[in-house]
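Pasting in a structure now, in C-alpha cells, and then I'll have a few things to ask.
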Amino acid sequence: MSGDGALLFTADADLHRRRRTERRWKAVLLVGASFSIVGLAVLIVRMLADGVPHMNLDFWSESYSPSGIRGRTAGIFDALVSSILVLGMTMVIAVPVGTAAGIYLYEYAHKSRLTDWIRATVSNLAGVPSVVYGLLGLAIFVRLFADTFGMPRQGTYLAAALTLAVLILPILIVATEEALKTVPATVRHASLGLGATKWQTIRHHVLPYALPGILTGQILALSRAAGETAPLLIIGLPTYQVFQTYGPLATGTPLQVRAYYLASDARQEAIDLAAGAIVVLLLATLALNLLAIFLRDRLQNRIRW
Amino acid sequence: MSTTTGSSDGATAPGARRPPTAAIHSTEPLPLQPEEVAIHIQDLQFYYDQDAQALWDIDLECPRHRITALIGPSGCGKSTLLRCLNRMNELIDGTRYEGHIFLEGTDLYGTEVDPVALRRHVGMVFQKPNPFPKSVYENVAYGLRLHQKLTKKELDERVQWALEKAHLWDEVKDRLDDAATGLSGGQQQRLCIARALAVEPKVLLMDEPCSALDPVATQKIEDLMLELKKDVTIVIVTHSMSQAARVSDRTAFLYKGKLIEAGPTRQIFEAPREDLTEQYITGRFG
Amino acid sequence: MVQAARATVGEWQVATRARYGDLAARILFLTAGLSVFLVLGFILYVLVGNSLQFFRDVSILEFFGSTKWQTAGTVQISEGGDAGDFGVWPLIAGTMLVTVGAAVIGLPIGLATAIYLAEYAPSRVRSFLKPVLELLAGIPSIVFGFFALFVISPIVRDLTDEGSFLYYVFGQKSATIFSAMNAIIVVGVMVLPIITSLSEDAIRAVPKHLREASFGLGATKWETTKNVVVPSALSGIVASFVLGVARAIGESMAVAMAAGTQAAWTFNPIDSIQTMTGFIVQRTGGDTPQQGPVFTSLFAVGLTLFLMTLALNLLAQRFVKRYREVEGADT
C-alpha cells in the first residue's frame, strides 16, 4: 500500500501536443480579433484622412452651389442645418411616444396577451430594414398625407422626421423599459406605501431615478437616426435646391443625403466635399455613442453602490 | 482494515438514517505511518491577492484510501484548501501560495508539474451537480476522450465501468444518449462522480457534494464514497458535521484560514483537544 | 385628532384629483404602447396593398419565375413604353451573394473575436475593446458605403487586374468600380460588432462551474473552450449569427453605393450586381415613378425583403429564448 512509485504529473508527449494545439488556436483567435480591430481602425483612419483636409472654413460656413463645387468653395452649412432640423423634429415626435410606450409596458401593463403582442411587435419592428421604413414614409407620410391633408406631394422635412421617428420608436421603447428595470422596487413601494398614485410615483420617484438610463437610450436613438440615409432618399428628399428653405413643410437636402449625391458625382471636387461630410457624420455618431457609453458606465457605477 | 468493514455495516436500507455517533468508526492511532500518507501538505500559505491571505501555515496529512473530511464554518478556507490540491485556484487571477503539497511524494507545485496533467490524476466533484449540457454518455466519455485514444468499444466499456462504479448504470443504461441535465439532482451528482472516476484518478476531491441534494440522494452518495475509498483517496469538504462523522476516517477542523486540529474522526468528535473544535462540534458557533 | 381628521379629508380630495390624473396617464401610456401596432399596420398595409396592385399588372409567375429584372426609366414610362421585366431572382441573388459573402467573412472573424475577448483577453484589454466594438456598431452605413466605393473598390480592381491570380479565380474577369465584392467586404466588416458583442455576452454567460468541471478533468483552456464553453453558448452564438445575417440582408447604403445598379443573375462576386435594398434606394432616389408597375414593384420587393428579415428575426428570438432558458435552468 505504499503508492505507485513516482507519479510526476509532468506533461507527457500527448499533453505537449495538446498544448501546441492550444497555442495554435490561441494565435488564430488573436489574428481574428486583430482583424476586427484593425479593419475597423483602418476604416476610421482612412475616412478621417480623406475628409479632414477638406474641412476648411468654407466647408462649415458655405452652402452648396454648382459654382461653389467648381471653385471648391461649397460647404455643408445648409445641409447641416437641414439635418439638425430633421433630427430635432424626429426627436420631438419620437421621444414622447417612445418613452410613454416604454413606461406603459414596464409600469402599467400586466402580463397579458396584449402585452405579449406589443413586446413581440416592438422587437420585430426593431429588425425591419430601414428601406422598408422608407417605403412606409413614401406611401403614408408623403403620398397619403398629400392626398388627405393637402400637404406637398414631395419629401418634406416633416415626412422625413416622421419616417425617422417611426424607425427609432422601437429603440426608444426598449431603452425606456431597460432603464425602468434598473429602478429598485423599494423606490416604488416606498412611494406607493405613502399613498401616492401610480402616476405620482412614476413622475416623482421612478422617472428621476431612471432618467440617465432613458437619456442614454435617447442618445443612441438619435445617433441611429442621424446615420440613416436610405429612408430619406426613398421618401424623395431633393438632390439639391438652389435655396434651401426651412420649416416643417419645406424641403431640402440633409447632410446624409447630400453626402450620398456628392459621392455619386464624378468630379473630384464633389467627392472631396462628400469626404468631409462623411467625417462629420462619422464623428457626430461616434461622439453620440461615446456619450451614451459614458453615461451608461456612470450609471452602472451608481447601481453598484 | 476493520474500520472499512465497520462502515459498510452502517449502510443499511436506503433512507434509514443512522445516528451520527454509531458511524464514528475510525479507531486509528493518532500519528499516521509515513507509508500510509498519500497527501502531505507542508507549511502552506495561500493568498487570493497581495493582501488577502486565505490560508495560514497549513500542515496536514491525508491517508491513502481513506476519507479525510475538512470541516469548519463558512469562509474558514476549507474549499480553498481543497482547491489547492488540484491547483484549481490558479484559474483565478492574482492567487499566490507558499509551501509544499506532496502527492505520493511529488511536490504538486514543483516547476516540472503541469497542472493539466495533475488534474487528470486528481478528480473533483463540485458543490452543485455540474454535468455538461451533453448526453449522459458524453459526460462520462469527456475526460477519456481528452487523455486517451480509445476505440468505440473500449470507450463504451469504460463508460459503463465508471457508471457502475458510481452506482448509476442501472438507472441510466437505457438513456445514455439523453441529456444529462434531465437527470435528477442526485443522479446528476453521481454522474459527475462517474465522470471523474472514468479517468481513474488517484485522489477524488469532493466540495460539499451533497449540499444541494435531498437526504435519500445524500445517503446514496455517502454509501458510494465508502465503497470508492477502496480505490481512491478521498478528501471531502462538508458543512455537515454529521456527514463528516458518518463517512470520514480522519477530520481536519479549520477556522479562519488556520488548521486548528486534525486527527481520527472519532477522536475529533469524541475527545477534541482544542476548545475551538469542541465549541464548533457542539454547535456553539458556525 | 381634529387635525388628523382634517388632513384626511384634504388628502381624500387630493386623492380624487390624483386618481383622474392617474387614469389619464394610464390611457395616454396605453395609447403610446398601442402605437406600435399602428406602425406595424402601416408597414403591412403599404407593402401588401401596393404589392397586390403590382401583381395586378405583373403576374406572380413572372415575379417568382423569371430571372430578368429590368425596370423602365421614368422617361420611358411617361412616353407610355413598356414597364420592363420583373423577375425578382436577380435581386434575390444579389442580396444572397452579398449576404453569404459577408457571412463568410464576418461570422468566423466575429466569433474568433468574441471567444478571444471572453476567454483569453486580459481583463483590461477586454474592458477597453468591448465598448470600442459597441461604439463601432453605431457608424452610419453611408460611411461604410463611402469606404467601399473609394477605398475597397480600387483595391478589388487592382487585385483582379487582367492577368492577376484572382483574375483567373473569378473566371478571367476584372472588377469594375462596382462589384458585389466591394459590398461583401464592407458588409462583412459591418456585421462584426453585432456578432462579436452578442456572442461575447453568450460566452461569458456560460456558468463558471461548467468550466471548472472541464478543468477538473484535466482539460486545457482551449479544450474547455471548444468542448464545453462554445457548445453551451451555442444558441446565443447562433442568434448573433442570424441577427448578423438579417443585418446584412437589410443593409442598404453600402450596397447601393458600391455593388452596382445592374440587377444581374449571377453568383460571381466580381460582377456588378443589384440587391433588393439597392434597387429600392436607386429607383426612388431622385425620380421616383408616380405610379404603375415600376412604382408598385418597389413594394413587392420591399415585402419580399420584409418577410425574409422577419423570418430571420423570429428565428433569432427563438435561439435567444432557448439560451436564456438554459441560463435560467443553470443558475
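Per-chain numbering from 1; labels A, B and C assigned in written order.
By our rule, a contact is a pair of C-beta atoms (placed from the backbone, for glycine too) under 8 Å apart; a residue touches a chain by one contact, two chains touch by 3 or more.
All figures in this text were calculated on a predicted structure; none of them were measured in a lab.
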Category of the chain touch graph - line, ring, star, complete, other: complete
Chain separated most widely from chain C, comparing mean CA positions: B
Pair joined by the larger number of C-beta contacts - B-C, A-B: B-C
Rounded Å distance between chain A and chain C, as computed from the means of their C-alpha atoms: 14
Chain A and chain B: spacing of chain centres that average the CA atoms, whole Å: 54
Of all residues in chain A, the ones touching two or more other chains: 18-19
Sequence positions of chain C contacting 2 or more other chains: 220, 223
Per-residue multi-chain contacts in chain B, two or more chains: 116-118, 121, 146-147
Residue ranges of chain B touching chain C (in the complex, touch as defined): 86, 88, 91, 93, 116-121, 123-124, 126, 128, 130-134, 142-143, 146-147, 181, 192, 195-196, 199
Chain A partner contacts - residues on chain B that touch it in the complex: 35-36, 38, 64-65, 103-106, 108, 112-114, 116-118, 121, 146-147, 202
Touching residues (chain side chain A, partner chain B) in the complex: 1-12, 14-15, 18-19
Sites on chain C touched by chain B in the complex: 123, 207, 209-220, 223, 227-228, 231-232, 326, 329
Residues of chain C that touch chain A when the two form their complex: 11, 15, 18-19, 21-22, 24-26, 28-37, 39-40, 42-43, 46-47, 50, 108-113, 115-117, 120-121, 129, 131-147, 149-151, 189, 192-193, 196, 220-223, 226, 243, 246, 249-253, 256-257, 277, 280-281, 284-286, 288, 298-299, 302, 305-306, 309-310, 312-314, 316-317
